[in-house]
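Below are two complexes that have chain A in common, paired first with chain B and then with chain C.
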Partner chain A sequence: MRKSYITIIHELGKLLLSIFLLSVLVFTMSRLAPGDPLYSYYGDQVEKMGPQEQEEARERLGLHEPLPVQYARWFQGAVRGDFGISYKYKTDVKEVIAGRIGNTLLLGGLGFVIIFGVALLLGLFCAWREDKWADRVVCGIGTVTSCIPEFWLSLLLILVFSVWLGWLPSSGAYSVGMEGSLADRVRHLVLPLTVVVLGHLWYYAYLVRNRLLEETRADYVLLARMKGLSGKQVLYRHCLRNAMPSYLSMMAIALPHILGGTYVAETVFSYPGIGTLAYESARYQDYNLLMLISLMTGGLVIVGNMFAKVINERIDPRMGLKTGGMSEEVKD
Partner chain B sequence: MDVLTVKNLSVSFYRQSGEIEAVKNVSFSLRAGEILVIMGDTGCGKSVLCKSIVKLLPDIAKVKTGQIFFQGKEITDYSEKEMQKLRGNSFSMVFQNPMTALNPCMSVGEQIAEAVRLRQPGISRKDLKSRVTELMELVGLDRPGERAGQYPIHFSGGMAQRCVIAIALAAKPSVLFADEPTTSLDAGVQEQILELLLELRRKLGMAVILITHNPYVAAKMADRAALMRGGEIYRIGDAEEIFEKIIHNNHP
Partner chain C sequence: MKKRFPGISLFILTVVIAGCLACGAVMTKDPAYMDLANSNTAPCRAFFFGTDAMGRDVFSMIWHGGRVSLFIGFLATLISTAVAVLVGSVSGCAPAWIDGAMMGLTDIVLSVPGLLLTVFLQAVLGGSSVIGLAVVIGLTGWMSMARVVRTEVLQLKNMDYVLAARCLGGGFFHILCRHLAPNFIPSILFMAVMNVRSAIVAESTLSFMGIGLPVEVISWGSMLSLSENALITRSWWTVLIPGVFLLVTLLCLTNLGNYMRKSGSKRHSNL
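Let's turn to the complex of A and B:
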């Protein structure tokens, strides 16, 4: 029991250290990138400002000090939960994000669940029917859909379902005045969600398929078949379990990728989410906003990986051996 | 009485480059309770012969001609369903490398229990547990209660092979195929495993087809022996007679 407390503290320490290093890295890199944050704050008016005024503005935003001092200032605030203001939106960055995170969790989170759920089923199906016609058809369709550019698919969907058929709205997260209606939300979600899911689905399904096929060629499959299991039973009971660790690790890494990687869908469907926000904050030197978004995504990856690691060690005892393991070791 | 009879069996692999004949016109029979050793060099078709009898050949391999009888009944054209029943109840196999033959992500006890449950579908949890313990004791694994919860990685090669044998015995097989069961083990452990197989045969009365390329193993184990080369059995008979000839001709 005591050992597990120590590992938890140990892992928490690692988490904090990683996030600290990430913050230093993002802080430095964002300031090295070309561009002027004043544009983010004042827009085109910057061009009408004299050098004196620009200098004053910089001072007001605390951008005139050397980098280490700026970082120290930011760090002091961050520890107290104050991440500064967004230059573009001129309010606390937390508020900016809070206004959109719900939308992103809905689109990206739902997309994540659907992608990884369906990818697993598709991969299983294809592995079960390896090289039979059903597998070939699915593989063919999958390859084609994964090659369709997202923006083109988005426009096509808008054309068909919004313009021609008029079934679904083409933009936004909800209709004005219907913020609380679930049905309305869902109607707005369908098209962007389709784009997000189709953009990623096959990549992961194909991964599952190939990983499973690798497993079906392992020796233990023969022993399992000799017990009297059918090929399908071996696939479910043995191969799937053994392929899960790589799948879970993949899921952990893909978490922010899918959650925040909804940029194209958000842009085309004017869906207010974090993906667009992240892109804009980097594009317009909105430093504080960029920092907070990066730290959130980074933290998400690290936490996701920790979960994947713990679960994987439960599934596959070989994984914990090198590091001593986070799960309890079996005594010999 | 013969438990297993193979008549004129030919097996080929079909690749894009053409047909490869792995087993050519092989005939033999296996008597109840005897150990038949099949000897031959690597790649002579020993393993393919076994796998074609239990119908676990890879997709590119096909049985071309021949008949297989099990306890007098022809099983050549058995469907996959019927073969599953046969594999679970009458045939078992032990493999060359026990470390890869066991599923690394499943505890050893679970893997043995799975085999027991397939043989006795309605078995209660209590009976299942005691049967697993019994099997583990039978193959000489000490502290079965504790050992059952461990994973293959916690076992040495010889111990892992005992687990594989325990799984094989769960089916109470009439025929045990042992495909080079000691090749990946060191000499001392090899001896233990061979003794174990002899003892189990005595206790349980199953027939064993033992594949090996090791003359010592063959001489120690065989009641009868078959010599294979290039996919064919070119000599088969009582062990003493066969080994006598080998020594006389100074030629395998």
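Let's turn to the complex of A and C:
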């Protein structure tokens, strides 16, 4: 009991340290990258301002001080929950993000649920029909879908469903004036969601399939078969259960990647989410916005990894030294 | 499950690579020449794959641009593999606290949003050139391979032959090259091939989003960066054809990579 408290405190400390280091890293990286944040604030008007005015503007935004001082100032605010204002939107960054995060959570969250539901089913199906024609067909199609670059898939979908067939809208999260309509939102969600799902699906389905195939080669399967259980029963009751820890830890690691990996789909479909916001803020030096988004997505990755580790260790104490079974291969 | 040799994939890949390397012999036109009178022409006898919005011949651009895309794929993989092997093996051999710190740092780098890392590296290294972009992609893709190398090294370093080599006074690089690397190469070979794949995807995605190669530097990615306009003018060939080339190359690489993957157990299913 006592030991687990210490572990929790230890892990929590590591978590905070990681997030602190992450913030330092992102802070220095964003400020060292060339580019002028004044453009983000004033737009093209910067060119009309004299050097005197530019200097004053910099001073107002607190950009004239040395980096460590700027970081300390940011840090002081951040611990109190004040992350500063966005240069481009000129309001509190939390408000800017709050206005958009729902869209991304909807897209990424729905994508996540579909990906893992379908991946499990596909993995089970393929393991059940191993090396039969059905498995081969699914594997073939899966490999092809996993190879299609997301942006190109998006273009293809737009070309077919918006330009040629005219069935679905090609951009935005809703039509103007139809913000409340559910049907309209769903229509706008279909194509980006397809891209998000297809971009990740086969990767995870294949991992599930291979993990299950590994299980079916264990001796206990032979024993269960000798007891008289059918192959299907063994697969569902024994193999699936043994593969569950890796499946769960895979989910923990995948969550931030799927939630944070929607930016390609968001960009192509001009879907107003965090992904497009992150892209803008990174390119146009909207420092405060960039910091908060990075901390959110990075923090999610760190927490996800930690969960994966805990799941593995809790369910299978032998995992203590190795880090994650299947999770080792999960892509970045 | 018996693995079949991916002959077809290898053949197609060879054809694509050979075509790109010898693009001078394959091309029918100058890929950079803008024939504005014939812009957005559908595929026909003069222009096998049509022309893009700037009147450039898509057929010639594909072979010429493929060279850039493949080069970036291979160079980026070379860089990321080198970094991964170095970080992974140093981390695996070092005392526990250095190992912990290095892996912790790797995790933190991994948690920086990939996009920010790319934009930053690109701004610092001046990444709108071909080599610059390859370096950027290489430096953002070494983390997961480094972890695999480390896990392998952790198991290998306690082997008797490594101990023997150390007793005989073998230095770190000697042991790495002669004893460790030959043992972990099979398990990262598959990842390396997959890295070529993801580097090519990264190049095309970045160029498409306007933070990779500019339109003047022809690559499969920069060819597709004009495709949003192509959607409006309905010139499907500028979207479809480079994409299909890209896809087929990626598919062949995947098949090749899967073939190289260490096959788990040769046993039959007990199910």
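Operating definition for what follows: the second predicted complex is superposed on the first by the 283 of 332 C-alpha atoms of A that agree within 3 Å, B and C clash if a C-alpha of one lies under 4 Å from a C-alpha of the other, contacts with A are read in each partner's own complex, and residues count from 1 in each chain.
The rule is simple: contacts are C-beta pairs under 8 Å (C-beta built on N, C-alpha and C of every residue); 3 or more make two chains touch, one makes a residue touch a chain.
Remember, it's a predicted structure, so these values are computed and weren't measured experimentally.
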| item | value |
| --- | --- |
| Touched partner set for A:228, first chain B, second chain C, both or neither | first |
| Touched partner set for A:279, first chain B, second chain C, both or neither | second |
| Touched partner set for A:167, first chain B, second chain C, both or neither | neither |
| Partner chain in contact with A:238 - chain B first, chain C second, else both or neither | first |
| Touched partner set for A:219, first chain B, second chain C, both or neither | both |
| Partner contacting more residues of chain A (chain B vs chain C) | C |
| Contacts of A:156 with chain B and chain C, given as first, second, both or neither | second |
| Contacts on chain A seen with chain B and repeated with chain C across the two complexes | 218-219, 222, 225, 330, 332 |
| Chain C residues within the chain A interface of the complex | 1, 104-105, 107-117, 119-120, 123-124, 141, 143-144, 147-148, 151, 197-198, 201, 204-205, 208-209, 211, 224, 227-228, 231, 234, 236, 239-240, 243, 246-247, 250-251, 254-255, 258, 264-265, 267-271 |
| Contacting residues of chain B [partner chain A, same complex] | 54, 56, 80-81, 84-85, 87-89, 91-93, 95, 97, 100-106, 114-115, 118-119, 149-151, 153-154, 164, 167-168, 170-171 |
| Chain A to chain B touching residues, read off their complex | 218-220, 222-230, 237-238, 241-242, 315-318, 321, 330, 332 |
| Residue ranges of chain A touching chain C (in the complex, touch as defined) | 14, 18, 21-22, 25-26, 29-30, 32-35, 130-131, 143-144, 146-152, 155-156, 158-159, 163, 170, 210, 213-214, 216-219, 221-222, 225, 231, 234-235, 239, 256, 260, 263-264, 267-268, 278-279, 282-283, 290, 293-294, 297-299, 301-302, 305, 322-323, 328-332 |
